[in-house]
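Please read through the structure below; I'll follow up with questions.
Think of it as A, B, C and D in the order they're written, each chain with its own count starting at 1.
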Amino acid sequence: MLEGPQLCGIELAHPVLNGSGTYDAIAARRVFGDEILDDFPFAAFVSKTITPQPRTGNEPRRIWETPAGMLNSIGLPNKGLEGFLAEDLPQLAELPVPLIVSAMATTHEDFGRIVSALDAREEVAALELNVSCPNVHSGLIVGEDPRETLALLQALRPLTAKPLIVKLTPNVADPAAVAVAAEEGGADAVSLINTLKGSAIEPRSGEPALAAGHGGLSGPAVRPVALAQLRSVRAAIGLPIVGMGGIACGADAEEFLRAGATVVAVGTESFSDPKAGSRVARELGYGSERVAAAPVH
Amino acid sequence: MLEGPQLCGIELAHPVLNGSGTYDAIAARRVFGDEILDDFPFAAFVSKTITPQPRTGNEPRRIWETPAGMLNSIGLPNKGLEGFLAEDLPQLAELPVPLIVSAMATTHEDFGRIVSALDAREEVAALELNVSCPNVHSGLIVGEDPRETLALLQALRPLTAKPLIVKLTPNVADPAAVAVAAEEGGADAVSLINTLKGSAIEPRSGEPALAAGHGGLSGPAVRPVALAQLRSVRAAIGLPIVGMGGIACGADAEEFLRAGATVVAVGTESFSDPKAGSRVARELGYGSERVAAAPVH
Amino acid sequence: MTPVTPTTPRAPFGRRRCTVGANRASGGYRVFSLLDREGPEPAAGRFYMLAAAAGWGDRSGRPQLPRAISVAETGPAADGIRLDFLVDDVGPGTGRLCELEPGEEVWLTGPLGNDFGEPAEVAGPGAAGAILVGGGVGVAPLALLRRRFAERGVPHRVLLGFRDEEHSGGLDLFCSAAGALCPEVRLASEDGHAGHRGYVTDLLGAMLAGDDAGSAVVYACGPPAMLEAVRALCADAVVPCRLALESPMACGYGACFGCAVPKPGGGYLRLCVDGPVLSGEQLTAVPEAELARA
Amino acid sequence: MTPVTPTTPRAPFGRRRCTVGANRASGGYRVFSLLDREGPEPAAGRFYMLAAAAGWGDRSGRPQLPRAISVAETGPAADGIRLDFLVDDVGPGTGRLCELEPGEEVWLTGPLGNDFGEPAEVAGPGAAGAILVGGGVGVAPLALLRRRFAERGVPHRVLLGFRDEEHSGGLDLFCSAAGALCPEVRLASEDGHAGHRGYVTDLLGAMLAGDDAGSAVVYACGPPAMLEAVRALCADAVVPCRLALESPMACGYGACFGCAVPKPGGGYLRLCVDGPVLSGEQLTAVPEAELARA
C-alpha cells in the first residue's frame, strides 16, 4: 500500500479527487446513507462551483451523450455564497476528507467577497478558482487571457493564506501561458482540464440538442486533449497540478501522473460508478495491494 | 435521389469530400485498382497538404488509438511542390472528380509560390490553405491569429482566381474571429475542423506514445467540438463551409449540414471503411434512395 | 442533514454486478431479470441505473453512460432478489439492454429515487383507493404498484393504453399466475387493437367524471403527453395524482444535475433525487419529452 | 501511374462483411476462420484489416480502428474461400477477435500488402530453396508459405521459436492432415518446453554456418528482436532474406501514413503498401516493437 501525496500542504490518503460539479456529496449521502462517510471515494472533496448570488441553472435539456463522452450545460446551479455557507458548508464539513471550495464571479470585487468569506471558515482547506467565466468589465473570459488571469490572482491573493487552485479552461490556443500567469499571480496550484466547448444536433428536430445551444464536453473522449495540455502546462510551471479529463480507471490516471500531474480528479466516470474515485485509487495501488489497472467496464 | 450541391461554383455529385491527408487516391488505386475510379467515394478530392520543399514526415510512432478516436503526428510527408506537380498531379487529374489541393508554407513568399504554381494548372479546381503552421517571421501560428490569417489572405488572394478555402485550426478560443479574418481577406470558403492537439502516454514506458510527444486528435470523439465551432463560425460568416470532424455515418453528416455546413468531409472513418465517403453520401440520400442513416458499424 | 425525501430503503453505496436471469419478449418490448444479491426490495416507482458489464458501447462511442430503468416486478430469488425490467428499444442503450443474454452481467446502481406512495400517504387517511394509469412502456412501474396494492388490499383500478400493437407490451405483468389479465385492468389503444379505441385518458376522464372516482388517488406513468393530460384531468377534478416522469439522467443519484424538471415557483427539481414520482402540484405542466420515443 | 509493387491479385474495393466459421484454441493463441465470398486467394505474407461488425469497442472507446492480421491459411469453401487467422490476444482489438463466435460478422478489407515471393523471384533462378523462420504469433504467414512451397516443390526447411508454452501456438498449422508435425519443421523454445532450448535464431545461425544453407532464401516473421537477428545473420552470411514486419496501422491501404518504417537512405516506407514483407537490404535495422507484445 502506497503513501498518499500532498497537495499544497494538504495531506491526502491517495491522489484521487473529484472534479468540481460532478459529485454532490450531500445528495449522495441522502441517496446512499452514511455508508459514503466510511468509504468516501475521494481524498479531498471539491465542491460544485459557487457564485455570489444563487443560480437555478440552465433550462433543460442539459446533458447529451456523445462518442465516449457527454455534453453538459448545467449552468452552475448553486445556493449562492450565503446559502452555501449557511446550508451546505456545515454538511460538507462532516465529510471525512479535506474540503476544497470552487468559486466563480464576474468581477474582482465579487470574487474577493467569496474568497474572504471562505478564508474565514476553517472547514475550508483550499479554494479552486473557476475562471471559465467573463470579466463583466473587460468582457473577456478570464481563463482565456493571461493578463486577466494575472490581474484576478493579484486581486485575490492578498485576501487569503489558503491555497488557491486555478482551474484552467482548455478552450485556448496556449493553456501554458495562462498557467504561467496564474503562477505569477501567486496561485498555489492549477487544475485542468475543464470541459471542452462542444455541441450536438438532435437528430429529429435538427436543432441543438442542448437548450443552451452548446455545452461542455467531458469523458474519455477528451483525455488526449487533457494530457496534451497537462504536458505543456507541466513544462511551463513548477506548481502542483490537479490533472483531469476522461479518467475512468487507474491506467488512465497513471497517464496523468506520468505526464506530470501531482494528483488527479475523476468527474464523468463517477456518474457510471459512484465509487469510481476509490476504484481508480485502488487501481493505482492505494488502499489495497496494487491491482492490474485495467478498465473495469 | 437528391441533386448535388455547389462549393464555390464547383458542381458536386453529393456533399461528401475527404479530409486532407486522410486518403491517398494514388495509393488506393495501386491497392484496389481502377475500380476506385468507377466508384470514387468523394464528390471532390482534397490532396494531402503539400509544402514548398519535400518532407519525409515525422519519426514513428505516428499514430495511437484513443477513446472513439485517434492521434496522429504524421508530419506532412510530401514530395514538395515540384514533385507534386511532376508526379502526383497528373495521376490525381485522372480522378473522376474535381481536385482541391491543400497547401502549407511558413512564409508569404513560399505560400505565394505554391498558389501561383497551382493557379497555372487547370487540373486544380480549388486550393485549401492549411494555416495550422507558424509564420517563421512572427513565430505565431497563422490559424491561431486573426491578423496573421488576414495578412496571409491579403498576400495570396491576388495570386489566383481559383477558390481559396481556409482550413481552420480548432485549437483556439475563438475560431469565428479567424474565420471572419479569412472572409475579410477574400477567402471563398472555410473548412473545419483540423485535428485537436492531443497526447497519450504509452502504458509500459510511461513516455509519450507518439515520438513527436503530441499529435492531432480526430475521429468521433471530436465531433461535438467540431459542431460547436461550426455553429459559431456559421453565425459569424456568410462563406460556404466544409464541415468535418468525426463524421462516421449519414446521421453524423446530417448534424453538420443542419448546423450550417455547405458540404462535409470524412477523414478518419475512411481508415475503417475505404468507401466511407460513398456510404455517408448514400445515407444522406445521394446516389440511391435515402436509407436510414444509422451507423453501419 | 436536510430532511430526507422518502427514498428508503437506501441503495447500497456504489454499483454492483448482477447476473441476467432471463430475457423474454413482452409484446413489442422485452422483459429481463437480474439477480440482485445485495439490494433491498424496491418499492414501486423506484428505478435503477443499468449498464451491460461487457459490450456497453461500440465504434459509435455510445452508450457511454448507464441508463435509468424502473423496476417492473420483483420477488425472492435463490440468493437475493429478482428484479424484472420492461424495456423499449429506442436507442443504443435500451437496444443493448434488450439483447442481454442469460448469464451476462450488468452493472446496477439502486434502487434510486422515490416511490409512488400509498393513497393514505399521499392524500391522508381519507383516501379510498387508487386509479393506476399507464401508457406504453410506462406501464412498467405500475405492474409492481398494482401487485402491492392487491396484496395490501388497497382498492384499485388499472387503465393501460398503447399506441399500437408494436408499441404495446408488459400486459403479461398484469396477468394472474393463470395468465388471465387481472379483472381490474381496462385497456385502450389508439389503433383499437385492444380495448377502447383511443386514449387511455379517455377512460380516466370518464372515470373521474363518474362519481365513482370518489376520493381516489391517481398514479400514472407514460409518455409526457399522456402524463400532462392526466395531470390536467386530475387538477380539474381536484383528485390528487402521482406522476412518474422521465428526464435525461447521467448518474441517477444527484451528481450531474442533468435531470432538471422546472418547478412551478421557478427553479428546478432534480428528478433522480426529488422524483421520479412527482405530485401534480409539483408541476405547472409535464415537460415535453426529453427522451422522445422513436 | 507509378510502378505497381507486386500486390496482385488486387483486393476488392472497400470493406466487406464476412461470417465467422470457426474459432478454436491453438496453444496460447486462437485460430478463427472467415468465409470470404468476394476476395481472391491470398498469397502468403499478405494481410487483412479486420473489425468485428458488432461490439467493436466499449465504454473505453477502443478498439476504434480495424486491426491488421496476416492470413495463416486459406482454402476453398462452399461459396467462396476460407481464411484462417492466428491471433494473439494482446489488447482490446485482438482480444475481441479472439472471442469471435461462429456466425458473427466481421468487416474485412484485403488482401493487402505484398507477399513473400518465391526464391526465384527474390534471388533469381539460381536460388535453391527456402528457410522459413518464425517466432511467436509470427508463425502465422509462414504456415501458408510452407504449404505453398510444399505444393510447388520448393525445397524448404522451417524453424519455429516460442518464448514459452503460454506464448506458443499455431503449430497445428504446420501439421499434416494426420496431425503429425511436418518433418521439415524444427522447434526452439526459450523455456525448453519444446525442441531446442534457446532462440530459433540459434538454429538459423547453425544452419547458415553449415554449408548446407547453399543458395537458400530466408523467410522470416516474428518479434522485432528475432527479425533483427535474422536480418543480421543473413547479412553476414550474404543470404537474401524476406522479413514480414509489423507497424501500427490505421488503414492498411496507404491512406493514413501511420505505418512508416525508416529506409536506409533516409525517409520512410509505408509498410502497408511497400510491405509488410521487406528484403534485408531495405532496412538498416528492424525497428523496435511498435506493437510490443504484452
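As a working rule, contacts are C-beta pairs under 8 Å (C-beta built on N, C-alpha and C of every residue); 3 or more make two chains touch, one makes a residue touch a chain.
None of these values were measured; they are calculated from a predicted model.
A.B. asks: If you walk touching chains, what's the least steps from chain A to chain B?
C.D. replies: 1
A.B. asks: Need the most distant chain from chain C, centre defined as the mean of C-alpha atoms.
C.D. replies: Between chain C and the rest, the longest centre separation is with D.
A.B. asks: So how far apart, in whole Å, are chain A and chain D when each is placed at the average of its C-alpha atoms?
C.D. replies: 48
A.B. asks: Distance from the CA centroid of chain B to that of chain D, rounded to the nearest Å?
C.D. replies: 34
A.B. asks: Quick one: report the Å distance separating chain C from chain D, using the average Cα coordinate of each chain.
C.D. replies: Chain centroid spacing, chain C to chain D, equals 55 Å.
A.B. asks: At least two partner chains per residue is the criterion; list those residues in chain C.
C.D. replies: Residue numbers touching two or more other chains: 51, 54, 56-61, 64.
A.B. asks: What residues in chain B touch two or more of the other chains?
C.D. replies: Each of 66-69, 219-221, 272, 297 in chain B touches at least two other chains.
A.B. asks: So what shape is it, when you link every pair of chains that touch: line, ring, star, complete or other?
C.D. replies: complete
A.B. asks: In their complex, what parts of chain B are in touch with chain C?
C.D. replies: My answer: residues 67-68, 220-221, 248, 272, 295, 297.
A.B. asks: Please give the residue numbers of chain D that touch chain C in the complex, ascending.
C.D. replies: 51, 54-61, 64
A.B. asks: Across the complex, what residues on chain C touch chain A?
C.D. replies: The touching residues are 1-2, 4-5, 7, 10-15, 49, 51, 53-54, 56-57, 60-66, 107, 109, 112, 247-248, 250-251, 253-258, 260-262, 266-268, 270, 273, 287, 290, 292.
A.B. asks: Contact residues on chain C for chain B in the complex?
C.D. replies: 58-61
A.B. asks: Spell out the residues on chain B that touch chain A in their complex, using ranges where they run on.
C.D. replies: 66-69, 71, 141, 144, 171-173, 196-201, 203, 206-208, 213-214, 217, 219-225, 227-231, 246, 251, 254-255, 258-259
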